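By written order: A, B, C, D and E. Residues from 1 in each chain.
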Amino acid sequence: SGEKNDKPKKITLDYAYYSPTSLILREFGWVEEEFKKDGIEVEFVLSQGSNKALEFLNSSSVDFGSTAGAAALLAKAKGSPIESVYVFSKPEWTALVTNKDSDIKSVKDLKGKKVAATLGTDPYIFLLRALNDAGLSADDVEIINLQHADGAAALSTNQVDAWAGLDPHMAKVELTTGAELFYRNPDFNTYGVLNVRSDFAEKYPNQVEKVIELYEKARKWAIENPQEAAEILAKEASIDIDVALKQLERTDYSNSLPGNEQVEALQAAGEVLQKGTIIDKDTDLEKVVAELINPDYAKKIIKD
Amino acid sequence: MSSKSEPLSQRVQWKVKNRIRFPKKLKVALYGSVVPIFLLVAWQILSMVGVLERHLMPAPTLVLEKIVSMVVDGTLWGHIGVTLLRILIGFSIGVGFAIVIGSIVGYLKKAEHMMDPLIQGFRAIPSLAWVPLFILWMGIGESSKITLIAVGVFFPVYLNIVAGIQGVDRKLIEVGKIYNFTPLQLVRKVILPASLPSFFTGIRSGLGLGWMFVVAAELMGASKGIGYLLVVGQNTYSPDLVLASIVLIAILGKLTDSAIKMIEAKALHWQDSFGKLN
Amino acid sequence: MSSKSEPLSQRVQWKVKNRIRFPKKLKVALYGSVVPIFLLVAWQILSMVGVLERHLMPAPTLVLEKIVSMVVDGTLWGHIGVTLLRILIGFSIGVGFAIVIGSIVGYLKKAEHMMDPLIQGFRAIPSLAWVPLFILWMGIGESSKITLIAVGVFFPVYLNIVAGIQGVDRKLIEVGKIYNFTPLQLVRKVILPASLPSFFTGIRSGLGLGWMFVVAAELMGASKGIGYLLVVGQNTYSPDLVLASIVLIAILGKLTDSAIKMIEAKALHWQDSFGKLN
Amino acid sequence: MLSLKNVSRTFSEGSAGFKNISFTSEKGEIIGLLGTSGCGKSTLLRVLSGLDPEYTGAVKINDELIKAVHEKVGIIFQEPRLMPWLNVVDNVAFGLKVKKDKQKQKEAQDFVDLVGLHGFGNHFPKDLSGGMAQRVSIARALITNPEVLLLDEPFSALDAFTKMQLQDLLLKIWHQYQSSIVLVTHDIDEALYLCDRIFILRGQPGEIYKELHVPMTKPRSRGNEELAKMKANILDLLDLTQGEKGESHDNFKATAK
Amino acid sequence: MLSLKNVSRTFSEGSAGFKNISFTSEKGEIIGLLGTSGCGKSTLLRVLSGLDPEYTGAVKINDELIKAVHEKVGIIFQEPRLMPWLNVVDNVAFGLKVKKDKQKQKEAQDFVDLVGLHGFGNHFPKDLSGGMAQRVSIARALITNPEVLLLDEPFSALDAFTKMQLQDLLLKIWHQYQSSIVLVTHDIDEALYLCDRIFILRGQPGEIYKELHVPMTKPRSRGNEELAKMKANILDLLDLTQGEKGESHDNFKATAK
């Protein structure tokens, strides 16, 4: 429609410690620089987690929000009008962790054990999928609902036998207590996706593309300057540089175009969530995923 | 008082009670529901015309549906029961400690100088900040949950007890002193009864904080409870569950508060105060 | 009092003040630091012998180091300033509303029947539950943060004002009535001053809740503030930052409370109570 | 003008308070109420002041039925009832409706001096002696020159000398403003020195048992012999065990109801 | 036995309170304190009771220096000071140290009846008249039979008849237990009826201005002519403006200090 060439007065993006490229963007001020030309104001808002980013999106407090793919799927399934238009990383931010001298060596050993996880989040989905893979179900283990940081502490103090961990907590316990990541599987992570509010995307497609372009720029910079990227992360999130390096080491920036990979990963995650009654049984998963993953904007920018 | 007229006058009074009292209670209850009902209706209408979006702020009917569905599948009572039990125990512990420590601090200036500054500092620490510490110290069992609730309850009760004690009329204290009461007797027979009004305010304030702390407490590895429902609702982006648990907390909070208010009215019947006027 | 002796006695009194007062304040401060220092030392020793693991409960020296590092790089003042400002504004708004609504509810039985049940229900809703609603209603600007703090402050102040008003001695109210005071005059000239002690307890309780709610408030898209530091510390698994912000909250909470306590002592100098005895 | 018709106010199922009190007083009359402790005198004053609307019968001030506090009524309660957060001057100025603060303070200071509390103006109630507190409450009531003044044992905590001074102060103010006064007292001398009519209440609930006229003009002499005789008679009347005897020898202007 | 030596307690930079009071009383003596309002009588009683240890000089009871409340002291304050949360019987039983609750209640009930409050045992203070509250506080003090009894205007709120009854009750108890009594009162008749010695305080801070012996045995007749004469004299002594005159014609057993 004719409105498509309109420009918003202001664009609000979030930045998050789990999205290093957003930190780089903010650090260098590229977004401000870009939109200044059009006289558009830019504001950065910190998201402390996917849940916050989604709350901000829902309340129109931000136009772009960074979340885990599964979180976006959950929100979309409950009716949030958002689209995932870009993949900011394929992080391996979650894995199953146990203490150094534990006798748990594989997922199978978890049977009957206490496992900490935060309900509904990526680590939780990861745990369910890992259990599923190993022929176990959620009922075979005792899942303790703890916030990520608390889960790390509970593991360190042996109150749980294992923990579905999340970075940077995971990197930190790895370094400090020698905790072991006994089960890793990058494909069970649901990617880090950049979401945009549907009505914003519909009104201002050009700006959406521009933001993706800028994210691409940051991605390339991060690939070229891993050490500096880690320093930015360490400084922003006030974590040790070692932890930052460890976290980035597990982050894969190679593919940023949303597509089949993501659809499959989310589909699988969705099924697990449906089994756990976190998503309604009668939700049409395929449709939701299809509506969520929207590669159209990114396709125009990312040619290769 | 002639013994003849007694039975008659008693009978008359009883009748009057029966006639007037019930409608009055009803009237009070009706008065109290005007504003909530108005808010509910407004919310419902706003939802129906689409101002409030369903995925953010589902209509009251949907929230009610959610609650009813939990009633139907029988899970609700479990959640309510667990939370009520935690609050009951945590509340009792918190109030108990507050009475003991508050009495000592209120009574002994030295104890006040020693302990009060620390307690006033701790008082400002939010529930969320306690969570990791409690997990560290006490693990993720019931004890840490109950203790956290007790902590929440403790501070307002403590504050009101100390203030109540320090506000007791010197004239009454002196009466106790004249009878050579020991400090314990003085506290028990004069100071505590005299500070009872303030104590009850503290109790009610504390109960409110108990409810507030329940959510933080049930962040610590709970698998049941209203606070747990709230957290699950937030983690799974289910606004209906979030609102349902908020509504449940509000209702239960109000009910438990009313219970204490009733005890208060009984215990303070001797007060000759403004509140008894109208 | 002979005019001759006046200058002398005044001089003497001034001298006495100078001699006695300062050490007493110092003594009180010393008393107050015994327990905290003891706890700190114990914590330090336990850390040094390794009972408390560094990655879970870093030693006080490390926490101090963290604070000092924030002082050195100059970021600390910004965080403290932002939080203090938010609390100041939120606290004022909360107290303001509490005074107005509390006075009306305390004074008019009808208003109590209408509003109190709802308010008592809302009182139990925890800060965490408000967060998503506030983001929804007000976005993530300063207004939602300040409002959330105001909500936290409101309830205990309200509760204590209502209780204070309803506890005012009927005898004093009647004096006001005899002079045909309007309700407003009665509230201003009799009821509020008489309920001042309870009011101050409420204020202090409310300030504590203000500090508690700051963390929840700064969950709403803040990028500065002590509560923000706490959340960042938790999200980045930095126990030193978590403990540093808890310590800061405790210290600031204690300091702001002391400020109010001082005002209270001034405002209640007329009280003839137990607290003034020793 | 104050008029009561069949006024009753009882508590505890009719076993306390007062009942069936009727009298009319003219403007400027001083009425005394004497009676045993607990016979309902204070309750009666509360009804007259309008503070207690739950009476039966009719109480009228200037032909207006009293349902709430009448603006022309002033009262001195049995207890001082000072505002503990106000100093002496501010307590005295408490009910003054004057606009300007300075004028208020000055006027109040004058009354503080009149009741003999010069120099205690900035003391707070907690630092006052019992009698001083009572005098502050007297000053607080007198400063507004109420048309109807209700006094509940106003001088009970004062030494003989101060009491006389304040009785004279009351008379002076009464003379100036011609207030109607109802005075509850246990001091028979005081009643005889101040009142035009004295009601003696008896029983529980209390009823008017005797009405005595004191037909002397004021100011009276405290040593007056006639008053001394009346005092002896009143003592007799008050003595419940001798109550029936008392009725026979009312040889002076006592009119039985 | 009570002995004071140069006792002073002042407030407001020495401008209020009392100073330089010395006297010794024997066991069983009843001492009266008369004085203008605010001259330090209640302050003196507080010092004697041990509630106010910040005095100078020496106060001894049975040769023990008083620094805190002595276990043998009982006091009736100027205000009733009842515990508002206790009913009349419990208020009276408040200071009783007896173990058994039943016995306590019975004893308290007896005293409630003695002060004329039969039937009001389960009333709460807010439902009592001024005089009734005062009587409860009298019962509360008398029930413990203290060796030293300090009374601060105990009968001020009572009608003449009740007052006489309670004065006689006091004498009866005094007779039985031979308590030493210090009685503050503004009622000169009362002082003359009860006391063996009367001190007249004057000034601010108050000092002992006159000491009067009342050499009659108790019980005395209230109508006694000698007492009437003494009363006239005391009135003279109290009258400050006539103070200097009063000193010249003390033609009865008044010993100037």
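Throughout what follows, a residue touches a chain if its C-beta (ideal position, glycine included) is under 8 Å from a C-beta of that chain, and two chains touch if they have at least 3 such contacts.
Per UniProt, the chains are B, C = ABC transporter permease; D, E = ABC transporter ATP-binding protein.
Small disclaimer: the values here were computed from a predicted structure and weren't measured.
**Student:** Show which chains lie in contact with chain B and also with chain D.
**Tutor:** Both-contact set = C, E.
**Student:** Touching both chain A and chain C, which chains are there?
**Tutor:** Shared contacts of chain A and chain C: B.
**Student:** Which chain has its C-alpha centroid farthest away from the centroid of chain E?
**Tutor:** A
**Student:** Chain D to chain E: how many Å between their CA centres?
**Tutor:** Computed value for the inter-centroid distance: 26 Å.
**Student:** Let me have the rounded angstrom distance from the C-alpha centre of chain B over to the C-alpha centre of chain E, please.
**Tutor:** Using C-alpha averages as centres, the distance is 48 Å.
**Student:** With chain centres defined as C-alpha means, what is the inter-centre distance between chain A and chain B in Å?
**Tutor:** 40
**Student:** Which positions in chain C are in touch with at least two other chains?
**Tutor:** Residues 56, 132, 136, 171, 234, 271-272.
**Student:** Would you give the residues of chain E that are in contact with at least 2 other chains, written as numbers and ranges?
**Tutor:** 15, 79, 119
**Student:** Give me the residues of chain A that touch two or more other chains.
**Tutor:** If we look for residues of chain A contacting two or more partner chains, we find 58-59, 147, 149, 153, 157.
**Student:** In the complex, go through chain D and note every residue touching chain E.
**Tutor:** Residues 11-12, 15, 34-38, 41-43, 78-79, 116, 119, 123, 127-132, 135, 152-153, 156-163, 186, 188, 235, 238-240.
**Student:** In their complex, what parts of chain C are in touch with chain B?
**Tutor:** Going by the criterion above, the answer is residues 27-28, 31-36, 39, 56-57, 106, 109-110, 113-118, 120-129, 132, 136, 155-156, 159-160, 163, 165-171, 173, 191, 197-198, 200-201, 204-205, 207-209, 211-216, 227, 230, 234, 239, 242, 245-246, 249-254, 257-258, 271-278.
**Student:** State the interface residues of chain B toward chain A in the complex, per the touch definition above.
**Tutor:** So the residues of chain B in touch with chain A come to 53-56, 131-132, 135-136, 139-140, 219-223, 228, 231-232, 234-239.
**Student:** Residues of chain A touching chain B in their complex?
**Tutor:** Chain A reaches chain B through residues 51, 54, 58-59, 71, 74-75, 77-81, 116, 118-121, 144-147, 149-150, 153-154, 157, 159-160, 278.
**Student:** Considering only the defined contacts, which chain A positions touch chain C in the complex?
**Tutor:** Spelled out, the residues of chain A in touch with chain C are 17, 45-49, 52, 55-56, 58-62, 147-149, 152-153, 156-157, 168-169, 172-173, 176-177, 237-239.
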